[in-house]
Amino acid sequence: MIVVMQEGATEEQIDAVIDAMVEAGIGVHRTTGASQTILAGVGPTAAVDLSKFEVLPGVLNVHRIGSPYKLAGRGFRPQGTVVEFPNGVKVGGQQVAILAGPCSIENREQIFAIARCVQAAGGQFLRGGAYKPRSSPYAFQGLGLPGLEMMRDAAQEYGLLTVTEVMEIAQIEPMLPYVDCFQVGARNMQNFNLLRALGELRKPVLLKRGIAATIEELLLAAEYILSGGNYDVILCERGIRTYETATRNTMDLSAIPMIHKLSHLPIVADPSHGTGRRELVAPMARAAVAAGADGIMVEIHPNAGKSASDAAQTLYLDQFEKLVCELRFVAKAVSRTL
Amino acid sequence: MIVVMQEGATEEQIDAVIDAMVEAGIGVHRTTGASQTILAGVGPTAAVDLSKFEVLPGVLNVHRIGSPYKLAGRGFRPQGTVVEFPNGVKVGGQQVAILAGPCSIENREQIFAIARCVQAAGGQFLRGGAYKPRSSPYAFQGLGLPGLEMMRDAAQEYGLLTVTEVMEIAQIEPMLPYVDCFQVGARNMQNFNLLRALGELRKPVLLKRGIAATIEELLLAAEYILSGGNYDVILCERGIRTYETATRNTMDLSAIPMIHKLSHLPIVADPSHGTGRRELVAPMARAAVAAGADGIMVEIHPNAGKSASDAAQTLYLDQFEKLVCELRFVAKAVSRTL
Amino acid sequence: MIVVMQEGATEEQIDAVIDAMVEAGIGVHRTTGASQTILAGVGPTAAVDLSKFEVLPGVLNVHRIGSPYKLAGRGFRPQGTVVEFPNGVKVGGQQVAILAGPCSIENREQIFAIARCVQAAGGQFLRGGAYKPRSSPYAFQGLGLPGLEMMRDAAQEYGLLTVTEVMEIAQIEPMLPYVDCFQVGARNMQNFNLLRALGELRKPVLLKRGIAATIEELLLAAEYILSGGNYDVILCERGIRTYETATRNTMDLSAIPMIHKLSHLPIVADPSHGTGRRELVAPMARAAVAAGADGIMVEIHPNAGKSASDAAQTLYLDQFEKLVCELRFVAKAVSRTL
Amino acid sequence: MIVVMQEGATEEQIDAVIDAMVEAGIGVHRTTGASQTILAGVGPTAAVDLSKFEVLPGVLNVHRIGSPYKLAGRGFRPQGTVVEFPNGVKVGGQQVAILAGPCSIENREQIFAIARCVQAAGGQFLRGGAYKPRSSPYAFQGLGLPGLEMMRDAAQEYGLLTVTEVMEIAQIEPMLPYVDCFQVGARNMQNFNLLRALGELRKPVLLKRGIAATIEELLLAAEYILSGGNYDVILCERGIRTYETATRNTMDLSAIPMIHKLSHLPIVADPSHGTGRRELVAPMARAAVAAGADGIMVEIHPNAGKSASDAAQTLYLDQFEKLVCELRFVAKAVSRTL
């Protein structure tokens, strides 16, 4: 950290800041220029609340030098993390993963039809919601465990892995037999107790970026899981909230190369939630692969228009098949496979 | 709801939309103009996912007429809600409430000193965090139950009510004896299971607006609590995330009169989190009262600069006392008391 | 337009709204349901200020049915616009255009070296700033006309077209001999007098999206140019302002397919301004092509690190050459050429 | 400025950065810690593009220490600026100024009726638009000079000062006889040539914050005017663009105390544009005064509902009179007059 003193700060003020830094376990190097004094802090500052120094008398401003996360930082694993699943499927390697399924699991026929389609298209993951966080208490809230059983059966039948959202700690235990990868939804990205609990597991976690989360906050949320010893975290860009209303969210594709620079964790893209509009899903999926995404997660449904939730952003099965074909070409253009 | 068909939509397309509306339990009135057909839907549409209709062939766009919330709407209680506490203190009436305390409860001396000050200044609520949601896993996470005991003792001693944040369902039960008003933090505003659980209680809930929540989403979150039968909900504006970086958040004071128009629920303002900077707390607290806030919640600490968390936005006790004096004048100017 | 009356609106209120609509030249169809009356307005409402009706007594809300732009809408030219330049180069067709050059024209050597490189890589346009809008009055403001002369010479030498920013009406006339395509910068997207003046020309205009402009506002700005009879407008997505600070702006790639849906105008992407960081330019350029961009505009400089402006986002010439190669593959993957 | 080198940066990299800093006229102090080297730059860096250093090899990040503006900074005039008009009216002193008038000047009767009302209420400024920047080319564009003549006559009759928007340099000269204070609209806040031209005048300028401008950018825009020698600049907060759609803009009242801290310039608030809704104008005007605004600018019209533009946010004359009464009480509560 660096503390910049105001011009005209007194020696007493400077000493008080140095004392406060030392008290916080930080070593101090002082540079005094013609008009300003600068205090460079050395040591473990990740846990230090910098605002504490900002308000000391005579301080102009305070800058953090390093990143506030450690385990999630690129430096921790410069070669990058590849999350490997029991059946050998990998996320974060050469191959771009395909994760697809309905917003909500509705019934046995639906989820089996979808699983068949995902497998046929060459996808690896069946996604589907059984517990749904809905803005309105009057909207469909999901089938719960019976839905998860259906999804597990369908995944088994077609050799797929399952991904589904967990909304609270109490759900983890009963969900374990049905889930290959726990998804943390955007609204829970900063549900820190849930993150800690998932950190205790030894099962991969797909962590979605909060609707107004910065990249730094997303990596700090991942840090909660990593710091529990669970290193199999897959990040997910799914659109952020901006002033633009033509799309449901604004998909921040630049987060993909930026996170690859800042972190070793793989990152997948969810153009369904990212755009909220069916006709934008395919172009944004292609763009995400071109930008370096390690996987694409999309909502699909045999009767998309009648989907119990998220109908407007759900692809029909034939649209999904066509999309996977297109993605194969784009993946090849950026030297990856699908 | 209103469905606007595209120019040139066929009769078949129009019929298909009408069928879908009827299937969803919505009565339909059709208007056919020179170039366009409009279908007005009548009936209970709060639970209907309008996007489902938006993607039907021939549809130009779909508008919701009513609000998606019911119990939280002004129409449900046109006279407004006054939340009354066991000791007779009211929020939402003529008097502007004062809620003050430390970001984190740190020790017995600290919380007693603060409680004494809150009472002396004429405040009604002692606020303080025992469970802290922190962006970084390495930051101070709160004292937990022992902290709540200290706060309850201090509140008792000085005749104050307690407000503190609950982070998950499992905490509710053990917290009950210590808490007069449960606070739902901004990060949990859409933790719907938690909201439902609080709806089962018969204790007031202070619901903070999420950092990127619209006013509509805040009222829908309140609806979760109200729909459980707990009508004692106090809303809280605490700053939203915008592109501006000079302040920690952008305090949206217009939400106060807007919510008074849309809803019957009282709303308090938190200028500490709203601005993130000590020197802005007083002017924004004054502004909030002038805009019609039903209460002001501020972070205070005898040694604000050394506060275990949120140091930069915490007032010293004498600053708080001065602020309350100023607020008394502003309250009077807008025909309220403090 | 559709006016939804409040439940319980009186006949007098309804009549007053109908009168106001008729007065504004709008035909009215009335639908009266069990609880609510809806007034559908028919006729030319693009020029009507809808807020005028929103505040009439008894009105719940007002919705615009059509888009407020006409000439810029897809319906005006369903087949799409291809902007053709005198030398036969086209933007908006099968080929993805390459527009490259320095942020600021600095001297003859610089611009000639860059032009040589653009031509060698297969680009069609030499871009370069002579008049620079800078946030600070103390920053470099551009060479003016002498700079434009250098750029014209360099473009001539290497068979390229020139694109450069015009900042005010008085500059148009003297710039004419040097410019093949006038660029309107993000800060001037709503400089309506300038847009009108450019509408009088018969030279293509590249219109950049304002830093906080919605897609609708961008198309309305284009409408100003089109309504003067100049139909050769190329839009440009260059990043919008959001809360994220890791990147200079947030590039909204979904605007590309969305604009292709809403409008017939071609749209190019500027990943240099869109990201503000050199290492993100290539992945976002690839993503833009995959999303359907009709061209890519990038800042390049032989000594990028010492560029007189925008150094951090400027590519070195060899980085640019490599990028163009990559883009060729991506273009092919989405069935286009470069 | 401070340059933080990466851990492991080589001596050659460090030397190259030092050379680049020296070349830019900046003195360098070097601090080498256990793991990291920090270079503190001393000297005039306001005009330096810091991003230039950010991309040099081995650099982790670069921080600006001082503010990029000088004349607009509080340090330039610690006692604050009071803008005094020829008739003795002051903005920035003890008294809160009232600026009111129609969005557009429509005819003689309208502007005279309004001027009479402003004077009666105790206001000092008649505001009114003659040149209107409108998002749509089909909307009413203002009366031009004839409108200004009417406004001047009305202001003369009732002893008021005139404020009106100037949209381009060519308008300044003809507007001079009619205008006491030039207004720069939000869309032109970064029309730097216009700002420079206004800097050459010796007439006050009211500079509105751009819809997506940071406080720093607003002060840099003011710097353009100040650097021409025109020190009579009044800033104006008028709402910023956020994700919230319930209000037209989000009024950032915290900008008022923040700007008073950072700058010596007075700042007024425009709750009409700030909220876009008539019923929010009064509470937000009161809040602005409580937050320390030096003036309140509102749109008023004898027949607000039929106003040629901005009808939804315009007050009726009796609403305005009532508001001024309320503001008098709030001003008194914060020790000011009206």
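A, B, C and D label the chains in the order they appear, each numbered from 1.
Convention: a contact is a pair of C-beta atoms (placed from the backbone, for glycine too) under 8 Å apart; a residue touches a chain by one contact, two chains touch by 3 or more.
Small disclaimer: the values here were computed from a predicted structure and weren't measured.
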item: Set of chains adjacent to chain A and to chain B; value: C, D
item: Comparison of B-C and C-D by number of C-beta pairs in contact, larger one; value: C-D
item: Taking each chain's C-alpha mean as its centre, the one farthest from chain C; value: B
item: Counterpart interface for A-D, drawn from A-B, B-D or B-C and sharing over half of its contact pairs; value: B-C
item: Geometric centre distance via CA averages, chain C-chain A, whole Å; value: 31
item: Whole-Å gap between the CA centroids of chain B and chain C; value: 39
item: Whole-Å gap separating chain C and chain D, where each centre is the average of the chain's CA atoms; value: 26
item: Multi-chain contact residues (two or more partners), chain A; value: 212, 241-243, 245
item: Chain D partner contacts - residues on chain B that touch it in the complex; value: 212, 214-216, 240, 242-247, 250-258, 261-262, 274-275, 277, 279-280, 283-284, 286-292, 326, 329-330, 332-334
item: Residue numbers on chain A that touch chain B, as the complex places them; value: 46-47, 49, 51-52, 54-56, 68-69, 133-139, 167-170, 187-188, 190-194, 196, 210-212, 217, 220-221, 223-224, 227, 241, 276, 278, 304-307, 309-313
item: Interface residues, chain C side, partner chain B - complex; value: 2, 4, 27, 29, 31, 33-36, 38, 40, 42, 60-61, 63, 65, 212, 241-243, 245
